[in-house]
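The two complexes that follow have subunit A in common; it is paired with subunit B in the first and with subunit C in the second.
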Partner chain A sequence: MEELKYILIFGSFHSLTYLVFSLGFSLVFGVARLPNLTYGALYVLTGYSTYVFLNYLNTPLYLAVPVSILLTAAISLAIGESVIKPAIKFPVSVFITTVAVAYIFEELFSIQMGLKPVTLPLYPGTTSILGIPVSNHWLLITAVCLAMTLALLAFLYKTSTGKAIRAVAESWEESMRLGINPLRVLRATFLISGVYAALTGILLAPLKALTPTAGWSPLFAAFAIVVMGGIGNILGTVVASLVYGFIEQSMVYVLGGGIARVAPLILILLILVFRPHGLFGRGE
Partner chain B sequence: MSRLAFSKPSKLKRVGSILPALFIAAIYMLLPTFGLRGFWLDVLTRVNIFLLITLSLDLYSGTTFYLNLGVPFTVGCAAYSLALLNRYLGVPVEYAILPSAAISLVLSLVIFLPSLRVRGAYFSIMSLLLPIVMAGIVTSQPFSLYLGGEGGITYSPLFFSYARGLPVKERAFFLQSTYFYISSIAAIIAFIVSYKVAYSDFGFMMRSVGQDELLAEASGVNTVRVKLVGFLISSSLASFAGSIYAAMRPPVTVDVFIPANTLVPPLTAVILGGMGTIVGPTIANYFILLVYEALWDVIGRWRVVLYMCLLIVLVLLRPQGIVYYLYTKLKRLVSSKIAELTAGV
Partner chain C sequence: MKLQIIQAVLIVLIVVAGIVGYYVGQQVVTPTAPIVEVTRYATVTLRETVTQPGPTITIVQTTPVTPPTTTPPEFVGTVKVGALLPLNLPIGKMMLSAIQLAVEEINAAGGVLNHKIELVYYDTQWSGDKAAEGYRKLAEDGVKVVFGVFGSHEALAIMDLLPLYEVLVIASGAVSDAIDAKVLENYEYYKYWFRTYVNATSQAAATWDLLAYLSRRFGWTKVAWIYEDLPWVIPHALYGQERSVKEGIEVVTAIGVPTDITSFTDVFARVMASGAQYITWQFSGTEDYVFARDYFLSQVPLLAVGGGTYAMLDVFYNQTMGAAEGLICISWGFPAPITPRTMEFYEKYKKLFGTEPIFTTWYAYDSVYVWAEAVRKAGTFDTDKVIKVLETSVFVGTAGIYEFTRSHTAKLAPDRIYPIYFQWQQGRRVVVWPFRVVEYGTKLLFPKSVDGTRVWIEIPWP
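Let's look at the complex of A and B:
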């Protein structure tokens, strides 16, 4: 019973963070039609840069966080412009370049920061939910994640740039006929997805220790979620991240953290075998 | 599918064209008798084995353009199954090479089979995911007890029981040179097999999948079957590389699953050599890996960063590679010179 409560509470917290993380991922995936494999590295990068700002440059927290977010967004844009956009017509080239960038970041982190996990300061205090003590940091995460999700929805459905993003995700050629420049839209998605990766990186770094390779598992989780929910399908992404979060947390509490690593693998395999076009996919 | 419109050269000409390759291979095989010893002989052995991985990558990803980043998975599974067969079933390393390669092949096939059925990013994402999952599994709690954890699994290497009977002085050289010969023969066989496959009718079917999968399917190519068989051939090369490498160099550790060790150099070699050309990546493999080894003393871990930057620049500016281009230029130059000389006689 106790375990069920844990799964319920932490499953929903994790689902929410996965939702925000995959929303940023699905923006680029939807527009470029290719997964941005550097997305996990951006997540780690923000954690490390905030850590450096706080511990080496003695920047106050309220300054360090926005500066690292901006930095990550800028780097995301730079990566998109330099290695994704020139090769956008050749999927295999994009795979190679983005994987190469991700490995470069991984090596840089392990050369500069070492393999020892680092953490960021935690929001203090605990609250009891259903009799389970929960760190206030999780509540902060919940608030920020909900705000981020709503902000993205408002952006996608109310602003002209957001509408353009949805149009390009629907059809690259059709949107060009309507006078939308897909490459400019792509640039916007690089920037926004950088912000989303950065925010989840900063929010989760205090709870999950930061290592050079920490970015891969959220990346695969995001891929599994986006594919399961259907690319560009917001409702599908919400449902998929709930499914993913609960499956992963159940595995952690029932089978242990070691086996939980295979959760994304199993999920992707299941999707591939049973529903290659996603839970709500329409097929090709 | 009919043969491509290449006119077949006469038998004499074909023998003539492989003579230089045979000559180079013979010289290469004789290196230990010319006095090559120690560290660099070990390095050459390793480079020979890496040729299998490079060719595996080139044969599948270079022709079908489905990027197989999961080569470390296949290599690592073969290495670990060899070590596990030895430790838990007591199979001597000499007899465990074939079964462990087979186990790894079956494992790779079972896990990749679902992603081979569909088009798109699935295959590459799956292949990227697998080595990372395996590295996590090998080092994390319940499994690390059986798989040796960070320290890996140790056993006595290939032919060690025989070498123990030799005088102490000769032991090291016997093992080194034997490993070198075995790895060279494996490399030569792998090269011939991949060349034959890549330029056969089947190889051209794989290329058609790489060019336009829908069009290939519409032209009557069974794309799923082609991808499956191609993956099988290429993975068997990678599995053998893993088994042979593990048999020669205990202990098997989590390092085999780390891309910086088993993916970065072969991938760079494939891109530098020219995807799908087999000859280019083979030449590039020796160049890239020898430089990779030498760079360790100069810049240490930065060599990975350097190679990755090289990879990005190559992919963006010259995706067709360099080595194969130079090779064909040189070949044309030499044959025109020969034609000039023979015309004068």
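Let's look at the complex of A and C:
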């Protein structure tokens, strides 16, 4: 019974970390159909830039955070315009070029920030949930994650730019016939996904130490989650994140930490056998 | 639909086979008898070491670091030595800088047998294939010895090349017990291998020495083990199973965690529910930070004794914003008066490179001096003669005193090679084990829970 309580609480938090990371990635990969693998590097970049603002430039936290977000969003836009756009019709090329850019970032992080991990401050204090002391930072993640999800859904379904993004994802040519400029729409996608990558860095980097390679592991999980939920479906990403996180957290109790990471991937294999387009994806 | 069901069944079968294979594999690797030499604290003294049957052992004081003379030494020739390291890893770069420093110092002091040492290095990129290629290239380049060799997979990849090229390897790392087993099983084939560091089982033994002492001192019989769930931990598990029985300590819970864990709160709750009286922990990644943070947030009122790559760093306390207070951490190589040479190297390295030497950096530096002294004592660069000296001598280094076991690894003992355990106290790393290097007046911070809040009580130590 006690274990169930822990699985419930920490399974929820664990799932939220995946959801936070997957949202922005889902926007680019799922909605715009571009496998932008610099997403993990943008997450790390925000962590490092916040660290530099706080520790080297003595910038107060309330300034360091928005400036880091703006910086990451601008770099995301620059990557989109210079690296992704030229290869836009060839997703495999986007895959390769963004991997290359991510590795360049990784090397730059290693050179500039050194190889020792850095840490960012947690939101202070603890709160008791079902008698278990929980860091308030988890509550912050929960609140911001909820806001990020609702904001993204509202943006995609209620705003003209959001609808345009979905239209471009459906069909590039059709969207042009409707008077939409796909390149302009993509620019918005790069910018918003940059903001989401930055928010992810601000929220998740303090949970553990930040290293130049810290972006790869959650990126691969996000990849799997977006595919599992159904490419192009944000609601699918939400559900898949929860399933992925809970399965992994439960399996830590049953099988141990190492093999637990394999469990959700096996589930994805099984899901894709019966639903090749993911849980909420639509077939052609 | 029928095809999909067959596919699903196949996936399930593969997974089941994988899980069965995993557990069967674990059974297979469980040795029925120890195959490696382990020296335990309780059974080893210097007197026993020098009177044990076998070859006579002589103590060699390695040349102290001398400042460069104004007139450069005159050399009669040059001798090449090699370094084989993963330079894509921070530790590989640090080990190379330590080897380069040792070479420079030895050359400044006149070289070896009036020969100038020329260092050639090869980047293994953390790959076994590259390591094998590197060893071959270095051997063909005419090096007399190869230093470095950090990864066990790299070492295992070069083992079968040793008899072909007959070039000595003095590794600092590569802890796999399988390497020791090879040397013991086929001495003539693998005698070219030496390790100025300990093997995995000795690493585990060192931790258990302290766990056993704490058990005797405080009457504890229940320990919780928190570990990174990766294969390198297996020798620790096997050793712990055997030693815990001998010491009368029960491992009441063993919790494997993933490397990207973000919370230990639930892990600590399970530890508390298990009735454990103290904790031992082992990580190689950045879990240290999360562990320290939640050790504080959960106000865990148990001593935690363990090892982590980052917890030993001088900056760790500040990086965790003081959450590391009270943690007892292992450090292989430490700025304490371990030998007369320890602090000299530490200060010099820190001044030159702006960071303190960590982990195998100490041992890589020592490996060059060990080889140089063995050559001097042998009076020749001849590999077989140098091997004989290495086997029968004791060398004073910076990380401890080296005496090689039958498997050609550094012997684990408090008066030989042994880790330091320190406790984080107000940002300082206070040495608490082994007692040989514990300062007079040291206090141990002992945790106690008062109304759900952890308080630290200072007790005289030892």
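As a working rule, the second predicted complex is superposed on the first by the 247 of 284 C-alpha atoms of A that agree within 3 Å, B and C clash if a C-alpha of one lies under 4 Å from a C-alpha of the other, contacts with A are read in each partner's own complex, and residues count from 1 in each chain.
The working rule: contacts are C-beta pairs under 8 Å (C-beta built on N, C-alpha and C of every residue); 3 or more make two chains touch, one makes a residue touch a chain.
None of the values given here were measured: they were computed from a predicted structure.
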{"item": "Partner chain in contact with A:A87 - subunit B first, subunit C second, else both or neither", "value": "first"}
{"item": "Subunit B versus subunit C as contact partner of A:V134, first or second or both or neither", "value": "second"}
{"item": "Partner chain in contact with A:L207 - subunit B first, subunit C second, else both or neither", "value": "second"}
{"item": "Partner chain(s) touched by A:A100 [first = subunit B, second = subunit C, both, neither]", "value": "first"}
{"item": "Touched partner set for A:L269, first subunit B, second subunit C, both or neither", "value": "both"}
{"item": "Touched partner set for A:S12, first subunit B, second subunit C, both or neither", "value": "neither"}
{"item": "Which of subunit B and subunit C A:I111 touches, first, second, both or neither", "value": "first"}
{"item": "Contacts of A:R261 with subunit B and subunit C, given as first, second, both or neither", "value": "both"}
{"item": "Subunit B versus subunit C as contact partner of A:T142, first or second or both or neither", "value": "neither"}
{"item": "Shared subunit A contacts, counted only where both subunit B and subunit C touch the same residue", "value": "217, 256-259, 261, 269, 273"}
{"item": "Of all residues in subunit A, those that touch subunit B in their complex", "value": "34-35, 37, 83, 86-87, 90-93, 95-97, 99-101, 103-104, 107-108, 110-111, 213, 216-217, 220, 223, 227, 256-259, 261-262, 264-265, 268-269, 272-273, 276"}
{"item": "Subunit B residues touching subunit A - in the complex, by the definition given at the top", "value": "61, 65-67, 69, 111, 114-115, 117-118, 121-122, 124-126, 128-130, 132-133, 136-137, 140-143, 259-260, 264, 267, 271, 301-302, 304-305, 308-309, 311-312, 315-316, 319"}
{"item": "Residues of subunit A that touch subunit C when the two form their complex", "value": "2-3, 6, 9-10, 13-14, 17, 115-119, 121-122, 126, 132-135, 138, 204, 207-209, 211, 214, 217-218, 252, 256-261, 266, 269-270, 273-274"}
{"item": "Residues of subunit C touching subunit A in the complex", "value": "4, 7-8, 11-12, 15, 19, 22, 90, 228-230, 255-263, 265-266, 269-270, 273, 286-290, 293-294, 297-299, 310, 313, 315, 319-321"}
